[in-house]
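Look for chain A in each of the two complexes below; its partner is chain B in the first and chain C in the second.
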Partner chain A sequence: MIDPVPPALIFIIGALIVPFFKGKLKSAYLLFLPVLGFVNLISIPEGNNWIVGFLDYNLVLGRVDRLSLIFGYIFHLISFIAILYSLHVKDDLQHVAGLVYAGSALGVVFAGDFLSFFVFWEMLTVASIFLIWARRTKASLDAGYRYLLVHAAGGLCLLAGIVIHVNQTGSIEFGYMGLNGLASYLIFFGFGLNCAWPVLHSWLTDAYPEATITGTIFLSAFTTKCAVYALARVFPGTEALIWIGAIMTGFPIFYAVIENDLRRVLAYSLVNQVGFMVCGIGIGTHLAINGAVAHAFNDILFKALLFMSMGAVMYRTGKINGTDLGGLYRTMPLTCIFCMVGAASISAFPLFSGFVSKSMVMDAAAGGHMRGIWFLLLFASAGVFHHAGIKIPFFAFFSHDSGMRPKEAPLHMLIAMGIAAFLCIFIGSFPGPLYSLLPYPVNYVPYTAPHVLGQTQLLFFSALAFTLLLLSGIYPGEMRCVNLDADWFYRKGARLFYRVADRSFNWVNSVCDRVFVKGLAGSLGRLSRDLTARIALLILVSFWILRGVSGKKLEMKKTNFYNDILEGTLPVGIGAGLAAVFIILIFVLT
Partner chain B sequence: MTEKREEKMELSHEPVPGYRRIFFIAITIGALYLGLILYKTLL
Partner chain C sequence: MQNTENGDQKAKEYLFDKPKNVKLLLSCFYASLLILLIIEFFVHKHPHFAWEGWLEFYAVYGFVACVVLVVAAKYILRPLVKRREDYYD
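Entry: the complex of A and B
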């Protein structure tokens, strides 16, 4: 039997060989990689594996425990589904970037030290940018650059935190830290940026909808979930995360409701769902951590399913705005059904996956007597159903008839969506297998009468609110417009910075220019330019006065001589005579 | 053949007569119900 290798390597090295395959062999090879990776993963023993010496430190490329394993499982699973969905893509760049991205995510979750963690973390950013740029539109190019800038800033914060931490402790172990000093705050911020915390989130809603159809499936799965994993590993039970997560669940709802681009609605919904995970990690009890991890597992599946269904619509119609779509259920019934399964799962309908994980976080909040947080999460649950559960399928497949009659999605896309939909229903109906994979022992029963009734009530009243808002004409119309969101702060902030810089630094600059460049340097320049003329005039004027020259004639001679020297038109004889006078003077004086 | 369609700038939702009143009645009842629950919970 072959010895296992670090899970990341199969994807990263495997990605480099992709361009050498063609046709069906390439499709088979692409699908084979996550299967091989999964077989490799289940053969890795628990504990620290592949310990490599580097300088004075030991890098751990395979820290395998229950927390890293569950993320490893779902990353392999979603890679298989995403690759299956993207088999029609002829662009090798997308396949390579997708595989490197998945491999980097595996590298992050199995890293046992901060150095290898950071390397894979940055590879994650680089690979994901190519999934955005691969769409090759101006909007995607611009969004990719903004994404790069934001993540470079976050990466630098993380690196600074790691360097300070290693300097202070002498250890590079990637484990529990808690908030206790500058290093931890910098690392916390670095993770938070990838987690799309409030105000730091606009990179996600800006860039993900601009990525390629298949790229968005990969993007929705890895970056934010790696950040959730990192928070669960390094900052479990950090109280600040409770409020950050709760705010994350609430604010995206308002933006999602007014958003016209349905993939951007899903991007907001992604921020909202990650909020539940962040909140759970902040609460920090075994139930809350289990809930956060279970919800990350489920969110990867149902969010990918929703993005896949919208991707299929976009693939067939070339449109993604609510203003352009509608009535597609007639010709895309299977995609519509899969979309509704995803919508039911994200809304936490009983028998769908979100129901068995989201409620763990909410129960943990209620059990910890956090009334305010619990109410916020409850509001967010209703809001999720409003924008992701109803809005997405309604505006894409029902609503007004757009008149478009596209073909059903290609078979491989339908199979990929079918697998994800099956898993959403299976996990929702039989949560036992998922619970058995969670980091801590699970003693939680989701299917109790109060829970089922309470959640159903919430969802049906949310549906009633949507219906009444729509029929009463209060529901905001879908409009073609750009919603700046928190980008407003960056744009206004940058303009403010420019004005402050203009008025302060440029003022100092102009003063220096006046004093040093035009003043002091100018005087020195003038002096050096006519120094010879002045010295020569000093001698000659005495000589002319001795000869009886005076008044206007003297002034005229001075001016003519001065100009002649400056313009270089002095007769050679006079120049030679002056030189002789200088030499005599030097001889006499010395 | 590419079929040309007019792209809408806005997809507004025209009100159906009578529903605005129903909406406000439902909101009022819901708010009262929530208020009652909160009152009983906090006491």
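Entry: the complex of A and C
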């Protein structure tokens, strides 16, 4: 048996070889990588592996415990599904970027020290940006640049926090910290940005819908979940997270209701789902952390499934706006069914995966007697069914007939969606295997009669509200429009900044040009040219006036003398005299 | 009547093209709502919060939450944030 290697390496080094394969062999190779990675993963012993000395510190490239392992499993699983889904892509850039991205995510979750953690964290950003740019439209290019700048700012914040932390404690160990002092706040903020906290979230809803069809599947899985992992590792039980998470679950659903781009609707619901995880980590009890991690696991699957179904629609029709779609169930029935499985899972219908994990967070909130939080989460649960559960499938596959009769999605896409859909139902119906992987022992029973009934009532009556609002015409119609969000501040703010900078700096520039370049330098030049002549004239004129020279003759004498000095055609005596005057002048002045 | 691009090809009838099927679906839906309301009388509850024990709490909350959500999104949020599609260009 070959010794295991750090999980990140298989993906990152494996990615670099992708361009050397062609055709079927390449497909086989791509699918082989996550399988190889998984075999490698399960042969790694628990504890700290691959401790590498670097400067005065020890890097830990493989800290394997129950928390990192479950993220490792799901990252391998989703890599396999996403690669299967993207087999039709001929663009090597996307394959390489996707694999490096997945590898970086594995690097993040298995890092046992802040230094290697930070390196992989930044690689996440760099790799993922190519999945956005690979769409090669102007919108994706612009969104990619914004994504890069926002993440660079967050990354620098995190780095500053890490540097201060290491400086203060002398340890680079990546472990529990809690909120105390500047370093922890900076790190907290850095995590929060990747986690898409309210106001910091708009990079996600801005960039993800602009990525390639297959790129979005990767994107939806890794960046935010790595941040959730980091929060669970460093800040479990931090009270601020409870409220941050609860607000995250609430506000995006309002946007999702009025958004037209269906992938952007999913991006908003991604923020909403991550909110449940953040909230669970904030509550910090074993039940809550288990719930957060289990929900991250399930969310990766059902969110990928939803993005895949919308991707398939986009692949076949070239359209993704609610205004352009509708009635596709006729010719894409399987995609439609898979989409509805994803929708049922995200809405936490009994027997679907969301039910067995989201309720853990809800119950943890109730167990802590957090009334306001519990009401907010319940509101978000009803709301998520409304926009992700009903709106997505309804506007894409039912609603008005768009007249389009596209072919069913390609086989490899259907298989990828089928695997994800199967897992959603399997986990929902048999939560035991998932529960056995969670960081803490589980003695939670999701399927009790009142719980099932309450949740079903909640969802069915949400559906009733949707039906009645739609039939009565109150439901907001899909519109072609842009909805302002927090990214307004930097998208418009950047232009304002540019204009202000343009006006003020260029004004200073032009004033300097006028005063110094054209004005001062010119007059200095003139002075240095005829300063001696003027001084000599001053002396001589008074001398001439004393001798009674006046009028025209004086003028003539002045002009002649001035020209003589400038041209240097003075008699030697006067020249010597002037030189003497000049030397005396310098002597006096200095 | 939905025609495909080939005008002469007879348009195929799909599941929900018949109003009868839509009606059937809706009736099933309304019936299941009713059943859900009735079942509650036969389920023994052990609530965390007092209001979880109230009759039909979840049903009412789900309905009200969604109406509030849609109305707020349509009449408050949309007028505030809606801009032309080329706003940022």
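As a convention for this text, the second predicted complex is superposed on the first by the 501 of 590 C-alpha atoms of A that agree within 3 Å, B and C clash if a C-alpha of one lies under 4 Å from a C-alpha of the other, contacts with A are read in each partner's own complex, and residues count from 1 in each chain.
Keep in mind that, in the parts below, contacts are C-beta pairs under 8 Å (C-beta built on N, C-alpha and C of every residue); 3 or more make two chains touch, one makes a residue touch a chain.
Quick caveat, the model's predicted, so the values are computed rather than measured.
Visitor: Answer with first, second, both or neither: which of chain B and chain C does A:461 touch in the superposed model?
Guide: Both partners.
Visitor: Give the label of whichever partner, chain B or chain C, reaches more residues of chain A.
Guide: For chain A, the partner with the higher number of touched residues is C.
Visitor: Once the shared chain is lined up, is A:240 touching chain B (first), chain C (second), both, or neither of them?
Guide: neither
Visitor: Touch check for A:531: first (chain B), second (chain C), both, or neither?
Guide: Neither partner.
Visitor: If you stack the two complexes on chain A, which partner ends up touching A:182: first (chain B), second (chain C), both, or neither?
Guide: It touches nothing on chain B or chain C.
Visitor: Quick one: classify A:322 as touching chain B (first), chain C (second), both or neither.
Guide: A:322 contacts chain B only, not chain C.
Visitor: Can A:28 be said to touch chain B (first), chain C (second), both, or neither?
Guide: Neither partner.
Visitor: Pick one for A:400: touches chain B only (first), chain C only (second), both, or neither.
Guide: In the superposed model, A:400 contacts chain B only, not chain C.
Visitor: Looking at A:367, would you say it contacts chain B, chain C, both, or neither? Reply first, second, both or neither.
Guide: second
Visitor: I'd like to know which partner A:478 touches here: chain B for first, chain C for second, both or neither.
Guide: first
Visitor: Hey, what residues of chain A end up touching chain B and chain C alike?
Guide: 403, 461, 464-465, 469, 474-475, 479-480
Visitor: Flag every residue of chain A that touches chain B in the complex, lowest number first.
Guide: Within the complex, chain A touches chain B at residues 322-324, 399-400, 402-404, 461, 464-465, 468-475, 477-480.
Visitor: Could you pull out which chain B residues touch chain A in their complex?
Guide: 5, 7-16, 19-20, 22-23, 26, 30
Visitor: Given the complex with chain A, which residues does chain C contribute to the contact?
Guide: Result: residues 2, 4, 12, 14-16, 26, 29, 32-33, 36-37, 39-40, 43-49, 52, 56-63, 65-67, 69-74, 77-78, 80-88 of chain C touch chain A.
Visitor: If we count contacts the way the header does, which residues on chain A are in touch with chain C in the complex?
Guide: Listed in rising order, the residues of chain A that touch chain C are 253-255, 257-258, 327, 329-330, 363, 366-367, 371, 374, 378-379, 382-383, 386, 398, 401, 403, 405, 449-450, 453-467, 469, 474-476, 479-485, 491-492.
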